[in-house]
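Input: structures, listed below.
Same chain, two partners: chain A is paired with chain B first, then with chain C.
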Partner chain A sequence: MTRATLALAQRALRLNLRRPQFLAPMLVFPSLLLAINTGGLERTTQLPGFPEVNGFLDFQLAAAMVQALLLGGVTSGIATALEIEGGFFDRLVASPIPRGAIVVGRLLAAGVLGALVVTWFLTVGLVFGATIEGGVGGVLVVYAIGVLAGVGFGAIGVLLALRARNASTVQGIFPIVFVILFLSSAFFPADLLHAPADWVAAYNPLSYIADGIRAPIIDGISATPVLRGVAAAAGVVVVFGGLSIVALRGRLGAG
Partner chain B sequence: MTQTGVVVGALVRRALNEILRVPGAAIPGVLAPTIFMIGLSAVFGEAAQLRGFEADSFREFIVPVGMLQGAAFTGAATGVNLARDIEQGWFDRLLVCPAPRVALLLGLIGSAALRALLPMTFLLLVAFAMGVDWPGVDTVLLGAVLVMALAATIASYAIVVALRFRTQAAAPLMQVAGFVAVLFTTAYAPKALMADWLETVATINPVTLVLEGVRQGFVGDVTWADTWPALVAVSGLVTVFGLLAMRGMRRVGV
Partner chain C sequence: MGAAIETVGLERAFKGGVKAVDGIDVAVAPGEVYGFLGPNGAGKTTTVRMLVTLLRPTGGHARVAGFDVAEHPSEVRRRIGVALQEAALDLLMTGRELIGLQATLHGIPRADVAARGEELIRRVGLEQAQDRRVGTYSGGMRRRLDLAMALIHEPQVLFLDEPTTGLDPVSRLTLWDEVRRLRDEGTTVFLTTQYLEEADQLADRVGIISGGRIVADGTPAQLKAGVGSPHLDITLSDAGAAGRAREVLGRFGAHLPPPAGVHLSLEAPAGAAAIAPVVRALDEAGLAVAGLDLVEPTLDDVFVQHTGRHLEGAGQAGEDAGAPAAAVGGAA
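Take a look at the complex of A and B:
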């Protein structure tokens, strides 16, 4: 199981690196949006009710990470769907490896991509003047939540691919990614959101994941947002990872 | 000239037919600008409370951005569709038919300009339903002209990329240009409230003039002083990128 999982994860990562059209949107679009948000709305930190921050860039880093992690999930889904369309998935099923390794290997790769996303945005943030209030411990917390969320969003992508079985349908959820993101406190403090984002954000796990990543950056390590962030990310992993395994079994049964 | 017009018309009709034949491919491009408009105004709505913000509400300020985003998405989609036609061999058949290259190009660009009206119309209907004030017929007509011209510009750029790379895998390269061109402007805030670096970029970026031209009826009145720079900017953009696309079209398959 372990060898097959690692081999499939390595293959998934190699393919991602060989196809820059997969990786680039995941990093380029959130980076551009980070620049635009930060440059265009930096004065919003002066609004009454905005938390104490060193700058709007510090606040927006978590939003960019969550956005990139979600796009990473879409990327994992598209890659899985392409393997189904191209017949590689059927060859994997016919090979003598544990079936679970097909999903777990892909999720492991999604976790590594999550770490890449965190590294990219922490580097960009530090280069352009952000400060990590939580220090080294804070950075580790950001990595922990980022990687967990990366695996969870990867599981959503894999689940969609196993159900839809074609890449264009998975690609079609791209706008929905932004809907879910806008209906969270990822981009702006929850207390300053307008309807309907304000009340949806309270129930949206992305809010807790973003706040969990943001807290160590703008405020230091405090238990409540970090634990909520870990719990929300772990919840996404458990729920959608489980559903992916169920979908895989359903697909094998149907085959 | 008449035969050229027939070819252009046929290519435009083919592109428009795709909306009905493959609605799944068109829907994200139609929905995305509206989703951005609703989402951004819900998230950043409080920014309108900042001193120096020109609009009564952030939604009115952001609606014109959505209109231009629709143009950018549509223009990029034209390049992606061309890349698909190249991959599948259909474009090669077009090249060997006795139609001038300029007709093929005008067909592609014309279809992009017309298709850009679809996301714009949907966005405006949703915006008016959500309480954005009717800006007047002159604003909507001027907006339609500028949106169509920007879609033609981005389509020309995307055609250059499609002819160069000949694969749909180049889609992000086509999409990112419109994304940058539209958002690195006064999209989110007036220049006075921006970071210095973005103010500089927005000042250099000609799409800022186009955006201000579309925005004027939503935030204040339509004036000739804001209209002519927008028309000049978009005419310049269409000319430059149209010529580049024509150069690419003449070189392909030679």
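Take a look at the complex of A and C:
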């Protein structure tokens, strides 16, 4: 990891903290939805097919985390687009650092934001009575998948920014990702979804990321959901991180 | 030693086949300030973006600091400083943070970053503002910070893309002084501008670009000499005496068609030295002069000669377009 990459990551993080209008929604909206769902949908845990849980809060923590991580991706995308619009991105591209460092620096910051999201919701969950069945090991698994997913969603945001080149388009496109989130098992168990939502959820990487985060909370560390969650998050990182670097190189040719 | 910047048939076409830059040949010597003059949309910025490796050429070749911009972009980036249009700065960062980041991006050793940053901040006069967010800076301060960042690694070649556009006159003059200082230090400067006076004042050589092509290239003096010599515009107190004045002044040089409101226009290759003899001759002939202007050829005249139109924005920077170099009123 180069000094320049770390400097860019540090800068991205610092600017996130200086833009509370970006950072606050990332935590506030999912927290509100978590509160509303937990307060109003507690009885759904009694539905046939609903997994054994201590409470709906335990089940919903993963959904809130994935939602917040996606909003973190929006933040990364908008920040990148603003740099492109303002010309600062050109300054980075015109400096003698590898092109990949520009993207990787931003994604490292997205990973740290992911850790912040996990910390926030684990704290909220524990304060309001959730239990982490997987214990300390489970917490570490949640962090691992959360950070990986944060990086991956950041990569989606960066890719959109590099393609669209303006912040409003990034902001406009990203809600589609939330539609995809609702077509996953993040908010309800896949077994309780009707067609075609169940079919989409079965192929939706967000399902595996949410289930991978959820399993250590409600059930302890079991290999299958955790490994699937890690694989899905890593897949998003590799695919969208790679596409972002390709898009950055393409910017030079297209002007 | 080879050229600091050299382009051969440099081209850039965009989607639809529109050529923003259409076969540019430029050679800039080390230590030279090259003024790249042209109106908005002429291809200045596209050319600069290719030279600083932000845009791939679609034709021709360009070498900067000895390296081909397409084949060795990293080598080029190590050796150039870039201040792009409208000071591309992060408004949420402080001046000190930005300088530090730029130093890191250019691989300046950690131990040297602070000292080098301080030196540049002092050089551009931002000591008091360095810990404020850039968003609170004036336009002139942002340009100065931008320049300091471009100089952090002591580049061989500095690209300044319209560095004074939108600045107030005082800030403009401050930046001009800094460009002169860089020239004195031996830095090669590629300066794009739409201001005639800026090119005239700062550039050792000027290239005029129009429609993506270089239409004229030379020192400002060479270019202006190419469009003719200075002339005197004379306004007489008595318009009816113009014929007699023409006779009296016939021995000084050829008469030119006078512009509106002027009675006589006389070629004056000697420039200001011609004023006193002309005024004396008219005085001796009993002809009263209401006004007399020495008009030097301008880069705008050069632009008009090569493109058939005036440079857009002429007059915005206290332009020399049509401005008298010396004026005498009410003599004799």
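Heads up, the rule we're going with is that the second predicted complex is superposed on the first by the 252 of 255 C-alpha atoms of A that agree within 3 Å, B and C clash if a C-alpha of one lies under 4 Å from a C-alpha of the other, contacts with A are read in each partner's own complex, and residues count from 1 in each chain.
To be clear about the criterion, a contact is a pair of C-beta atoms (placed from the backbone, for glycine too) under 8 Å apart; a residue touches a chain by one contact, two chains touch by 3 or more.
Quantities reported herein were computed from a predicted structural model and do not represent experimental measurements.
*Asks:* So, on chain A, is it clash or fit between chain B and chain C?
*Replies:* fit
*Asks:* Answer with first, second, both or neither: which of chain B and chain C does A:83 touch in the superposed model?
*Replies:* Touch status of A:83: second partner only.
*Asks:* Rounding in steps of 10 degrees, give the angle chain B-chain A-chain C taken between C-alpha centres.
*Replies:* Seen from the centre of chain A, the opening angle is 90 degrees.
*Asks:* Of the two partner chains, chain B (first) and chain C (second), which one does A:203 touch, if any: first, second, both, or neither?
*Replies:* Neither partner.
*Asks:* What is the contact status of A:188 with respect to chain B (first) and chain C (second): first, second, both, or neither?
*Replies:* Touch status of A:188: first partner only.
*Asks:* First (chain B), second (chain C), both or neither: which does A:3 touch?
*Replies:* A:3: touches chain C, not chain B.
*Asks:* First (chain B), second (chain C), both or neither: which does A:128 touch?
*Replies:* neither
*Asks:* If you count the residues of chain A that each partner touches, which comes out higher, chain B or chain C?
*Replies:* After superposing on chain A, more of chain A is contacted by B.
*Asks:* Can A:19 be said to touch chain B (first), chain C (second), both, or neither?
*Replies:* Both partners, chain B and chain C.
*Asks:* Check the residue A:97 against both partner chains and state whether it touches chain B (first), chain C (second), both, or neither.
*Replies:* second
*Asks:* Nearest approach of chain B to chain C by C-alpha atoms in the superposition, in Å, rounded to an integer.
*Replies:* 14
*Asks:* Same chain A residues contacting chain B and chain C, which ones?
*Replies:* Shared contact residues on chain A (touching chain B in one complex, chain C in the other): 19.
*Asks:* Contact residues on chain B for chain A in the complex?
*Replies:* 24-25, 27-28, 31-32, 35-36, 38-47, 49-50, 169-172, 175-176, 179-180, 183-184, 187-189, 193-195, 197-198, 201
*Asks:* Please give the residue numbers of chain A that touch chain B in the complex, ascending.
*Replies:* Going through chain A, the ones touching chain B are 19, 21, 24-25, 28-29, 32-33, 35-44, 46-47, 168-169, 172, 174-175, 178-179, 181-183, 187-188, 192-198.
*Asks:* Show me the residue ranges of chain C that touch chain A in the complex, using the header's touch definition.
*Replies:* Contact set of chain C toward chain A: 12, 14, 46, 49, 52-56, 74, 77-78, 80, 82, 84-86, 88-93, 97, 101-102, 104-107, 110, 149.
*Asks:* Which bits of chain A are touching chain C when the two form their complex?
*Replies:* 3-4, 7-8, 11, 14-15, 18-19, 83, 86-88, 90-97, 252-253, 255
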